[in-house]
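Below are two complexes that have chain A in common, paired first with chain B and then with chain C.
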Partner chain A sequence: MLKGANTGTPATMRKASWSVARLYRWMLLAPALFLAAFFVFPIIRVVLRSFSDPAWGVQNYERIMAGGPYLQVLLATIQTAATVTALCLLLAYPVAYVMSRLTGSLLQIAAACVIIPLWTSAVIRSYAWMVVFQRKGILNEALIGAGVLDDAIRFLPGSFAVHVGMVHIMLPFMILPLLANMRAIDRSLLRAAEIMGANPLVAFAKVYFPLSMPGVSAGVALVFMMSLGFFITPALLGGPQHLMAAVLIEQQANVILDWGLASSLATVLLVVTGAMYVLYMRLTGNATGNLKGAL
Partner chain B sequence: MAEHGSGLVLDGVTKRYSSVTALQPISIEIKPGEFFSLIGPSGSGKSTLLGAIAGFIPPSAGRILIDGRDIVDIPPYRRNIGMVFQNYALFPHLTVFENVAFALRLRKLSKAEVTEKTQRMLDVIRLSGMGERRISELSGGQQQRVALARAAVYDPRILLMDEPLGALDKNLREEMQYEIKAFHNKIAATIIYVTHDQEEAAAMSDRIAIMKDGEIVQHGKPRELYEHPRNIFVASFLGDANIFKIHDAKPDARHIKLDIGEGLSLSAPGDVASASRHYVCVRPESIAVGAPGAFNGSAGQNVLPGIIADVVYTAGTIRCRVKLGPEAVVTARLPFQRNAAFFATGDQVDVRWALTDTLLIPEET
Partner chain C sequence: MKNKTAGSLTRREALAMMGAVSLVPWLDATPAQAASQLVFASGGGKLEETYKKTVFSAFKEKTSNDIVTTANEGAKLKAMVEQGQVEWDMMQGPAEQLIVFGRQGLFEPIDYTNIDKANLLPGAANEFFALTDVAAYNIGWNTANLKGPAPQNWAEVWAYDGRIGLWKKPFQTLEVALLADGVAIADLYPLDIERAFKSLDKIKSKIVWWERGAQGAQVFLDGEVDVGAIWNGRVHQPKLDGAPVDFNFNQAVFVNDAWAVPKGAPHKKEAMELLALALSPEQQAAFARELPYGPVNRAALALLDDKVKATLPSSDENYKKGRLLDLEFWADNSQATLEKFNSWLIG
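Right, the complex of A and B next:
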């Protein structure tokens, strides 16, 4: 009996080594292998190819950096992504603010309005915008009918249409992180600021806005990174006048068959996106803290 | 710092929501420098009243006067009132120093003045060395003190406190009661304090108002309320009370004889007329417990036989319940005496209390 009681301790220790946390780690193995085979490995191949096709060296990057259309497209891509992000933030902030104050069925309806568009493919939504922006489309007809225009505007292909389409598709990705953040902001903090002498505007600027920054930075990072690599909408609405990096890469790879240049363009895009992510983690400051907490 | 706080007059302050009346017309005067508590069960309207004084809840009718001036139409940020919130509502994105300095910066004080006043307030709450800390790095008691300092640093005319100790554990709560009292003396402000803890209110307040269903049922000094509760609600809300319904009252020499059912009768001062629709209230600490016959011959006392139902030792006191009849039970609270034997469950005893401790209280006001 006594002996059995003594062996109890190592037994429980052995048991602890098969804790749920350990089991979870093993459960990560399958998806990790999948990602390694079909995501990490191809990316490594792409990066390698950018230095090795047609010959070893940095000639592909030299072609990009030499100026000309490639660099221009990259810069235009970054600029478009930045503009789309800024417009999304401007539009999403008030929406998220109002939504954060709703309760019950009103909130559910508003949330559905934000989320349901996500169920529709970006291809279909981009085609829908083509219908709107056509020469004989809804927008032109309406503007001419209202007497604002004498003649139809050529929206397609063009950067205005690209921006509108991208903002439309990206908006939920800005609203949702903002909403999650804003709903967690304690309203009594605003009352505390008010009773101390802050009028509603000052209370917003000094208390609410700083507290909504985590939501802002999460939304900005998400939308900016997604916009950088966006393909469908610029491909359908942008045309050659508004070429974005993803479209250019696709052309180089599938049409011109310059895989080396396509790879190096993709690598540059990857580095820019990665840099954005690192910057975001730095700004929010608690990336490592969160990771430590999670593990 | 201010010599003393401002006086506050509530004149018929009423709050109606579409279907419910949250506040019946409330009129009361709070003196400059007074520590005034609002107590009552949850939903009694005390927080609504505080919200109306702060300016967060516009009253449906009535006037709120600070130093004689009606402030109903003045927004909260121009009322110059301080408030300590139930959850403290400290700004998580600011340091301790910046939290306390918040109101001063809004008042466009010079940098030196802000630093000086904030430092002085941090000294008062004994957190001088912690100005650069984040709020999340403080303990509950420290956060509470920061909330106090932040609300008082700009010498508000009136300091409102909404259950400020509700989130603290019992020991810390008692310690903070002393802190807040000492703080009140130091800053000499008018404090309006909301709590549902009657002991807390009694320990700290100059005056207490007891609220129920949006009305102030009774207000006065803690002792007045305890000794002369106006109705059964006040009697049972403030402290413990043994309460019996009076079935019949007969004149008996200089007193009245009260039938409280189950064949029990008591004597009480007063006349028959005053006893109709009344209750008898006896405070547990007025009651003595002794062996049968121990109280024989004591004049001016109610003496009743009973059986000990249970005995509980709490810190410093013995609380025992004595069965007087099939249903009737009285609770007595007796000072704890070291090594002294006490009765056990089932013992035959006599209970006794003075006629003057036999309070007659109406059910309703």
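Right, the complex of A and C next:
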């Protein structure tokens, strides 16, 4: 039967198999090879090393589990990344919404405001926040000058400073996917909802917000993953409780040169990230499916 | 031949010229091979600038060898040695790190035949690395913030009612924690780690941790902290420039930069020559005049005037006030102690 179906295939279908879409797939070959050589292969080596350095076995993982700072730091890392992601989403959503309604030069100015901070490195921006938050910094001086405070508040090092610094750096990565998504939302659907009796709030909650979910998914995934690997900002602005996994990995990789332990810490972080992403996709109703619909 | 215009060539002439051209790179290569280019991995900053200004330019004059610099990442060193593709000829780094790398077999043994070992500080000449300068992790304070007299020892720093700046690493910081707790400087090693953490517990809410040297200097200059520990080289120049910062060498922990030759370095012989030059009294003195990191070669002190010597941790006067970091202790204990320190930080 299968054979019959094959021989029965009209010539047009064979032609269709050489369509532009098929050609695009071949064009993916070069980037795929590049990724395989410079991304997948090194990661596989890192994972292998976590089981083989200094000897074959799971001794590096036993060390992580045996106590010490490792599990606690991994947990703190995930916690910090999650808080930063939530704050970014709260701040970015209204900004992206307003930007999606702008046109012409106003849109260009707004986009420039979002993108220009990306031109400055995270290190310099973290130092800049130190200037703002320090004891005799702009913020404390202003609050004392205005009579709000009698004595300087100790912002540094601390949770508040870390979160402000990280959110500032990550915000564009949340706004841009949201904006791309929101500009593609068909606003006549909102009008349709209102015609059918929904007030603006209900129209937003039942129509607009679900349609913006692909943007939310993309932004949340991007910001969360990038925040997990944060290094310099928590180190400069954060207190001891903001010891991030990246700092521990760097210590092992660069100072102690225990690459077995460094690799296993990196592998755990990789697995946690992957697992959380899969979980997240399940919970948000298959983000890629929605994304396809939006495109 | 006589009607040949200028610029036109016969076939034979052209061939001869092509042959000559092909010789040019070879002719050029002969002198270039005598002068090689060494790769020096350093921590950058003021230290690297000073190396360039002093010992590197002297090396160029003496041997006509150029030196280029690169970042001294330990991970890169390990990767290069593991893969047998070593690009560096010399690595500079904190001695407590280089001793760990040396034990992992990443360095060539140092050739001391051209180095006057007798004049070096005890402990400076090691199998796989040599100490090149002496810095201090010492008591510092912001003169504008300071209430009362300046702290004269670590116990007074600990007792200060205010913010205390410390380096967020166990190395050096645990030493001063023990000194603050009343351990005699002669009995410091082996460090009583548990006691050091108990000492840090007492001031936990007062500590402002600094992570990097530049940041450390900044927290003192801006008055983010009142008192604390800082490397002398980071606050020396600001103090001279009138910043509200001061320091002393009482109970200082002396720490060192060290140089080592990576295993399989392409210009091993030249690198050993460079090290010998860097440890010579003249170069040690020239370096100390630029940066207040003292010489490890005692003969260099004779070349320096009293004003410079007063700023140097390894001058006779200052050196007896403190104690050299015990490298062997840290080489044995850095992994386990770092683990405990990180646990203590987040605990």
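Methods note: the second predicted complex is superposed on the first by the 229 of 295 C-alpha atoms of A that agree within 3 Å, B and C clash if a C-alpha of one lies under 4 Å from a C-alpha of the other, contacts with A are read in each partner's own complex, and residues count from 1 in each chain.
Note that a residue touches a chain if its C-beta (ideal position, glycine included) is under 8 Å from a C-beta of that chain, and two chains touch if they have at least 3 such contacts.
Because the structure is a prediction, the values reported are computed rather than measured.
Partners chain B and chain C, brought together by superposition on chain A, fit side by side with no clash. Of the two partner chains placed by the overlay, neither chain B nor chain C lies in contact with A:Met225.
In the superposition on chain A, contact is made by A:Ala235 with chain C only, not with chain B. Judged by the touch definition given at the top, the superposed model places A:Met166 against neither chain B nor chain C.
For chain A, the partner touching the most residues, choosing from chain B and chain C, is C. In the superposed model, A:Pro157 makes contact with chain C only, not with chain B. Taking the two complexes aligned on chain A, the least Cα distance separating chain B from chain C is 46 Å.
In the complex of the two chains, the chain A residues touching chain B come out as 186, 188-189, 191-200, 202-203, 206-207, 210-211. Only residues 54-56, 75-83, 85, 87, 89-93, 102-103, 106-107, 150-151, 154, 160 of chain B touch chain A when the two sit together in their complex.
Those residues of chain C lying in contact with chain A across their complex are 73-75, 78, 97, 100-101, 104, 106, 163, 168, 208-209, 211-212, 215, 218-219, 222-224, 334-335, 338-340, 342-343, 345-346. Listing the residues of chain A that touch chain C in their complex gives 67-69, 72-73, 76, 127, 130, 134-137, 154, 156-157, 235-236, 239-241, 243, 248, 251, 253-259.
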